[in-house]
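Next come two complexes, and both contain chain A; in the first it sits with chain B, in the second with chain C.
Entry: the complex of A and B
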């Protein structure tokens, strides 16, 4: 076990524990940034996709993982960001303005949605946001003059400082763009968590009554969380649009909303790592399934026809397994494994067990 | 003028009168205890001060302000901090993070400066840590500062809750059964801490407590309640020997 001696306050404030940990993350970043040299174009595309999902996961993580507000409708904001980006680009706004603006507009849309949602808790908020996600489909069809309706919209490459950035034409440049956005969002997220605002999100998630007693305005805090969450989702949506190149009312269906929520639960709620781990699972599950299907077909000699909904079904089962056996997600599992090694042979089984918690109704007496 | 004034306050939950025409005053600098059997309405008095409920009738004044005009999240800004009977900590955060939430009322930075972690945000964090570290030293929490709340034993959680309240830099501190569930040694520690809060930090303490040893040891005045109403008010000795109190505690059983 590495013991870190703390000698000044900055050691607590800066985001890394010690030089060793900082090096580890820098090496990881360097290896990922060098992906174009060690991955072919197909897998580079897959990695790009994983990173985009990770950004979307970070967006939802702010709201659900850190503020405790479950949203089953975040595809709505992916769609909003995607369309806002394209519409701005079509209007001739340069990408470096259109893209950030798309996120900001999505954040504002999120605040508008948050106002009626503020009174809703738990399952009711989930249902409300899910309804929103279902409605979005119709709204996109109805707003055909702006959104292209069922026919959808197309987006080629964009230009940044004279360089063409296009998913198909210049996949390497597009990968770096996505990586850059992912890194910036992650850094902002880390900063948030070591500042009062991020802590007030956690406070609202864990105990609204004592958050209030500490002077945290619950409604305001939830609103800001919605805004930030939706802004990040908007950026992820804009990148998704650029990644797929074509999209219509069905691209950002309610299934995407559900998948996004499943992703962060599997990855680990309430941690930045969780968004990335979940995205890796989401991104590589289809590959994994098709490989194992071929394998099963080869061994048992069956045919390898596609089974509709298989991917989603397996995903659901993984989710149920996690909720039952590892509510803290992949990141939680990793923490336990690491603690086991660090403390060997002193690890206790109940180390991560929660203490008895009271029913909400008896809490205040 | 008193620091806190209750004037004929009544609160009903449906048909149940939890607080019944209650009046009392807490003076600045004193340690004031509320005692009474379970269900007497003691915690409800705290929740009224925290503005979780609106009283049916009556007034609550704090330091010359009409407290009933404040929002629940605005009470902390007046320098009122509290603990909860059934510990309400932020479970999935560390002790340090919990205490830092206590600093929230002193926040001057805005969203943008925090996301970019500008020098102003950094400076504010340094100030917050300095203050929080003082509290950690005061309550001997060094060994737990980076531990998650969800893994802490009961006794430590109680102390962390007091620490979080102190981190707000309060003028009035409300402690709801600070010694319940604590061992004898832990209760003794709590006793000296409460004493020191008043002496070193100039904090006025209003506490609900069942442990009569602790109550008579630290408090200047005691309010005895039963069924939401005032039974007796006076020094610990006066209240303990008051006929109505003796009857409430012993009389009903006989």
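Entry: the complex of A and C
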């Protein structure tokens, strides 16, 4: 076990624990950035997809993982960011202005949603956002002059400093663009968590009453959380639009919202790692299923018929297993394994056990 | 006369929404959790009955298949609680929400595997019969839906407010620990309520399948039933029925009097409006927020 010897108060709020940890993450970043040299184009595309989902997951993680507000409607903001980006690009705004602006606009949209949503708690908020996500589908169809309705919109490559960045034409450049956004968002997220704002998010999540007693303005905190979360989701949506190239009202359905929430639950609520781990599961599950189907078909005789809904079925089962056996997600499992090794032989079974809270209601009848 | 006809068909649809919403409310009332898979439960109930009755499957007589399928649904509800939900005892509401959404996916997948993805209807003795009532033409199924729903809601309401078990359930939901101290078997009560919700979903499924066709994605109808439950305030049985009727009646009138394209958003717009202006539903049960 490494023991970090603290000699300075700044060490407590430094984004990394020690030089060793910093080195590990820099190596990871270098390996991922060099992916074009050790992956073929197909898997590079998959990796790009995973990174985009991870950015979307980070967006939802701010709201659900760290502020404790469950949203079943983040596809709304993915769609908003995507359309804002495309519409700005079509208006002739250069990408380097249009892209950040798309996120900021989505953040503002998030604030408008947050104002009524502030009064809602728990399940009511989940249902509110879910209804919002369903409505977004119809709103896109109704706003056909702007959004292209059912026919949808198309987006080719964009130009950055004279370089063409296109999903199909120049996948390597597109990958680096996505990686750059992912790194910037992650750095911003790490900094948020060590600032008073991020701490107040966590305080609101853990107990609104005690947060209020400590002088946290709950309404303002939730509003900022919504704004940041939606802005990041907007960027992820813009990248998703560029990744798929074509999209319409059904691209960002309520199923995407649900998938996004389930992704961060599988990854581990309340951790940055969780967003990335969940995205890896979501991104590679279809590939894994098709490979294992071929394998099963080869072993038990050529039964490789496509089973509709298989992906969501398997996905649901994985999720049920996680909630029952590992509520802290993949990242929680990793923490447990790491602690087991670090503390060997002193690890105990109940080390990560959380206290159960028994139900009390405010209902009178 | 047209409007009256619209009203009746809307009421019949609304009753089905109300029945699903009733399932939500039952579980919410007793465990303060929301079962997002209730719509899929209804779909499952419909398919179980179709599998027992329809001639291409087992071909049992309708009145014999009815109690069997309700029994199966009740058993499924109980097993679900016994095997899965009970392990989440003491966890947050969110965990149950996500779990039941996942469960919905699994049920949809399983139903697709077993019964296929084609829309199917239930072969029932009421099909095709009509009731004429002062110039109105009502399908026998519609009448059955309305009558059964009203009876069921009334029965459950009496059960919750009069019987010992019903009161025990309310106690268990208001304060689990205190309920334990008073000698209420909280876990058994919870198992019973999930079984009851399964039976209610089964009834809703049978009525729905008799009225129209079902396929595995029918369960997504549950989202509309959410609107019903939220309008009703999520803790009140008559409220759920009223919410269901409101949603059901609004739909046909919206599609008739509002431009096409805007009509299908009416229930959700109503849901949002209720949540914004009356966050605890029209029939609210929360008065003061206590620490």
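The working rule: the second predicted complex is superposed on the first by the 354 of 365 C-alpha atoms of A that agree within 3 Å, B and C clash if a C-alpha of one lies under 4 Å from a C-alpha of the other, contacts with A are read in each partner's own complex, and residues count from 1 in each chain.
To be clear about the criterion, contacts are C-beta pairs under 8 Å (C-beta built on N, C-alpha and C of every residue); 3 or more make two chains touch, one makes a residue touch a chain.
Since the structure is predicted, the reported quantities are computational estimates derived from the model, not experimental observations.
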item: Touching partner for A:310 - first (chain B), second (chain C), both, neither; value: second
item: Partner chain(s) touched by A:209 [first = chain B, second = chain C, both, neither]; value: both
item: Touched partner set for A:196, first chain B, second chain C, both or neither; value: first
item: Residues of chain A at both interfaces, chain B in one complex, chain C in the other; value: 209, 357-358, 362-365
item: Residues of chain C that touch chain A when the two form their complex; value: 31-32, 34, 84, 87-95, 97-99, 101-106, 108-110, 112-113, 117, 170, 173-177, 216, 223, 226-227, 230, 234-236, 261-262, 264-265, 268-269, 271-272, 275-276, 279-280, 285-291
item: Residue numbers on chain A that touch chain C, as the complex places them; value: 70, 116, 119-120, 122-124, 126-128, 130-132, 134-135, 138-139, 141-142, 209, 254, 258, 261-262, 265, 307-310, 312-313, 315-317, 319-320, 323-324, 327, 356-365
item: Chain A residues touching chain B - in the complex, by the definition given at the top; value: 9-10, 12-13, 188, 191-192, 194-200, 202-203, 205-207, 209-218, 224, 228, 270, 351-355, 357-358, 362-365
item: Of all residues in chain B, those that touch chain A in their complex; value: 43-44, 47, 50, 52, 71-77, 81-82, 84-86, 88-93, 96-97, 100-105, 107, 109, 111, 114-117, 121-122, 124-126, 128-130, 133, 150-152, 154, 157, 164, 168
